[in-house]
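Following are the structures in question.
Shared between the two complexes below is subunit A, which has subunit B as its partner in the first and subunit C in the second.
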Partner chain A sequence: MNMPTFTRDDAVKLVLARLARLGQELSQPALAQADEQTRLFGEASPLDSIGLVTLMSDLEDDIHKACGVWVIIADEKAMSRLTSPFRRVGLLADHIVELVAAARA
Partner chain B sequence: MSVWFEQRLQDCGPALAMQGPWGDCTYADLARLQAAVRIDLQALALDGPAVFAIVGEHEPAAVAWLFALAAAGHSVAPLAGNLAEHPGKLGEIGAQWIITSAGFGWTLLPRMSEPSAHAAFGQLRTQGHAGLVLFSSGTSGRPKVMVQDLTVLLSTYQDRRRNRLPVLALLGFDHIGGLNTLLGALATGSTLVVPADRSAAVVAAAIAHYQVAVLPASPTFLNLLLVSGEHQTHDLSSLRVITYGTEPMPSGLLSRLRAAFPRVRFIQTFGTSETGIIRTESPDADSTFIRFVDPSTEWKVVDDELWLRSLTQVGGYLDTRDGAGKFTSDGWFRTGDKVELGPEGTLRILGRLGEVINVGGEKLMPAEVESVILNLPLVLDCRVRGEANALVGQAVVAEVVAAPAADHEQLRAAIRNACRRALAAHKVPTRVRFVAAVSGERLKKIR
Partner chain C sequence: MPVVIITGSSRGLGRALAESLLAEGWTVHGFARSPQSLVHPHFQAHAVDVGSEASVQAAVAIVLAAGRIDLLINNAGAASMNALLLTPAATAEALMRVNYLGTLHCLQAVGKAMVRQRAGLVVNLTTVAVPLSLAGEAAYVASKAAVEALTKVAASELQSQGVRVNAVGLGPVDTDLTRAVGADKLHTLNQRIGRPQGTTLAEAVAFIAQEWRSPSAATGSIRYLSQLS
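Coming up: the complex of A and B.
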């Protein structure tokens, strides 16, 4: 079966859309202004650990809707990376593209 | 031995003992059934106590057998559903005989010739006491088998005053809570009303039709009753008392129930398969605290866990591995329930110790989150549990049954924001999953 390719661009859009929604929910409009360089976690990040876990959970739902596969974003591989994929939006998008490709393989 | 039962059979003759899908059964009918059961029992020519399985629901034949076997010092394993469901259980307890009950009738089948060699039965035999075999869901998935002294259990119903308030049987014949409802109804000479099934619609119709006054139920059932609107479709004005137990009562649900049933008294009950049902009182109608008022039970709280020691507690588990660590050498039972002490000797059940969710070292009980979520108008039901999470150890997951009209995206945000307002940050569900039905009863055991 031919599945439409899930590109890095798609992943970035997905993350930014979810951040904007979460920003609405948390009354943090700044999240709607995020881009690839926006920090997700750590210093100067608008999200605390619970906020980050919330973002992941919702994104897992979004990915399922968009690609038909379930992935676990905070997996062991992600945790053991030298540069955490949770640091910036762009890194998270890279990680998601990999996860989706692996789940479809 | 169960003298009160014989007394009630004589005193209450024409009064209704049970009403259900099989028709009406008076106390005189039960006496006649019991006489027929005795003839069957004598025909077996047993030379000592045996273990009998009764497969059935709350039915006249099953009840007649229960009391006849108790009076003769045998042990009884009540099993719900049908025979084919229980091959493993029958083997595990070493049942020699199987009674399948159907309304007023029964069939008696031999199963094996040798009496059960389990030590728990041997002890009852030397005392000349009857036994009650109960199954409880173990954490390993394999049911735990407990043997209780049925003679002692029955004796605790001895001094109940007579009343004529019909009681509805919501919990099954194989459940300590269901047996408590049955024994309580017969000990007071009142009527046990048995619904054809346990859906809110059928139960509400049975309450209206049979003028039920006492409804023992779980908070989950009561929530479903309100959500279904069946309490408005049927005339439930006969209800005087609703008792609730088996799981923590969310305070929001209790307020909604009090508003829906302003004339009904709400009483919290408490019990475990291991200790039997314990008589309690509530400090006031709006309180989810209880006070134990049972002369046969002692209690204390050790490290937030409720410990009980009661006259009616089990003699032991059939598989002694199941009992490891549950009972202390001086007879205290560790309930596994996390409790909070209140004023004037009261306490409140917070949930199961094993249910504690640990989010990055900060702990919470599912019930406190559930009670917030259940208060939202578009939420029909909800269960909260922990899920392994690589970032924070465990994450809080809410499984929610939403009203058909609900927009999931908006409701998800509303649920989390309601939790953010009412709870500490780590208690807010990070995942909200919309499901058609929540997975089973969170608390399998009665409490």
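Coming up: the complex of A and C.
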């Protein structure tokens, strides 16, 4: 059976929805206003390091529910890239689309 | 029904822990390389090499497909007695692979699920040989010291997400593993830790089980079954 296509828009929506839920949990309302340019780490990010780890863990579960595949977001390839896929929401969405495509291949 | 993963569950302490938790009403997933003979309606055996990240991840995914994981007991371990200057590199690597990397792989895979749950308890097995700096077990002690350090850091990182990580350290427990060690050496070590009569499997299980039978908010703690503590 063919799985429905998982697009970049789908990935962006997934990340933003999870950020909004985390925002409620962490009492960080700014996360509900996130967009593709929102920083995910560093001084300009509303997330601390534990928040970023929690986001990754939660997203892996979200991806499994949405796509039926388990992926590891912080894999060695991602960690060694010159431009970190964890810098901004949009870059993370690109990375997730790649991971899902590779897992389904 | 709470769910536990126990590594090294095919025999000895791991099997005894599995039987104890089954009797308490837990669903038990046993990870081991060897075939597992334990039969119980709420026991599921998994063929897992904890030294292999892929093997651990695949097994944890199977467990998670059925739901949550409340408790992880990192019991799988290897021991070797060698004088420091005569310890083969391959032995040191093997000990580090099973004892440290095995714990790390399980902690990473299960820890992610527990962070998603915002709850969970991890119990890592260590040894009194660490605080004793036991001569003749340099590579083993180093691998377990790494487990203790990992326990403290993991506790620090995961505490805010409701996940506790503790370690319990035992002396020689009466199992097939320790029966292969000379009686004189065992007696000397048991004397040093204030347990001249040694430690039975039941005593070891009861000591470890305090982690979930008498839950506290403690995390990052290392408890030893000896008069050291």
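Operating definition for what follows: the second predicted complex is superposed on the first by the 105 of 105 C-alpha atoms of A that agree within 3 Å, B and C clash if a C-alpha of one lies under 4 Å from a C-alpha of the other, contacts with A are read in each partner's own complex, and residues count from 1 in each chain.
Definition applied: contacts are C-beta pairs under 8 Å (C-beta built on N, C-alpha and C of every residue); 3 or more make two chains touch, one makes a residue touch a chain.
No experiment lies behind these values; they were computed from the predicted model shown.
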- Task: Check the residue A:Gln24 against both partner chains and state whether it touches subunit B (first), subunit C (second), both, or neither.
- Result: first
- Message: So in the superposed three-chain picture, is A:Leu99 touching just subunit B, just subunit C, both, or none of them (first/second/both/neither)?
- Response: neither
- Message: By the touch definition at the top of the document, which applies to A:Cys67: first (subunit B), second (subunit C), both, or neither?
- Response: neither
- Query: Does subunit B (first) or subunit C (second) touch A:Val12, or do both, or does neither?
  - Reply: neither
- Query: Is A:Glu76 in contact with subunit B, with subunit C, with both, or with neither (first, second, both, neither)?
  - Reply: first
- Note on the structure: Across subunit A, the partner (subunit B or subunit C) reaching more residues is B
- Message: Quick one: is A:Val53 in contact with subunit B, with subunit C, with both, or with neither? Answer first, second, both or neither.
- Response: both
- Which subunit A residues come up in both lists, the one for subunit B and the one for subunit C? 50, 53-54, 57-58, 72
- Residue positions on subunit A within touch of subunit C in the complex are 50, 53-54, 57-58, 60-61, 70, 72
- Query: Touching subunit A in the complex: which residues of subunit C?
  - Reply: 57, 61, 112-113, 115-116, 157, 160-161
- Task: Using the touch rule from the top, collect the residues of subunit B that touch subunit A in their complex.
- Result: 359-360, 389-392, 395, 409, 412-413, 416-417, 425-426, 428, 430-431
- Item | subunit A to subunit B touching residues, read off their complex | 21, 24-25, 48-50, 52-54, 56-58, 72, 74-76, 78-79, 86
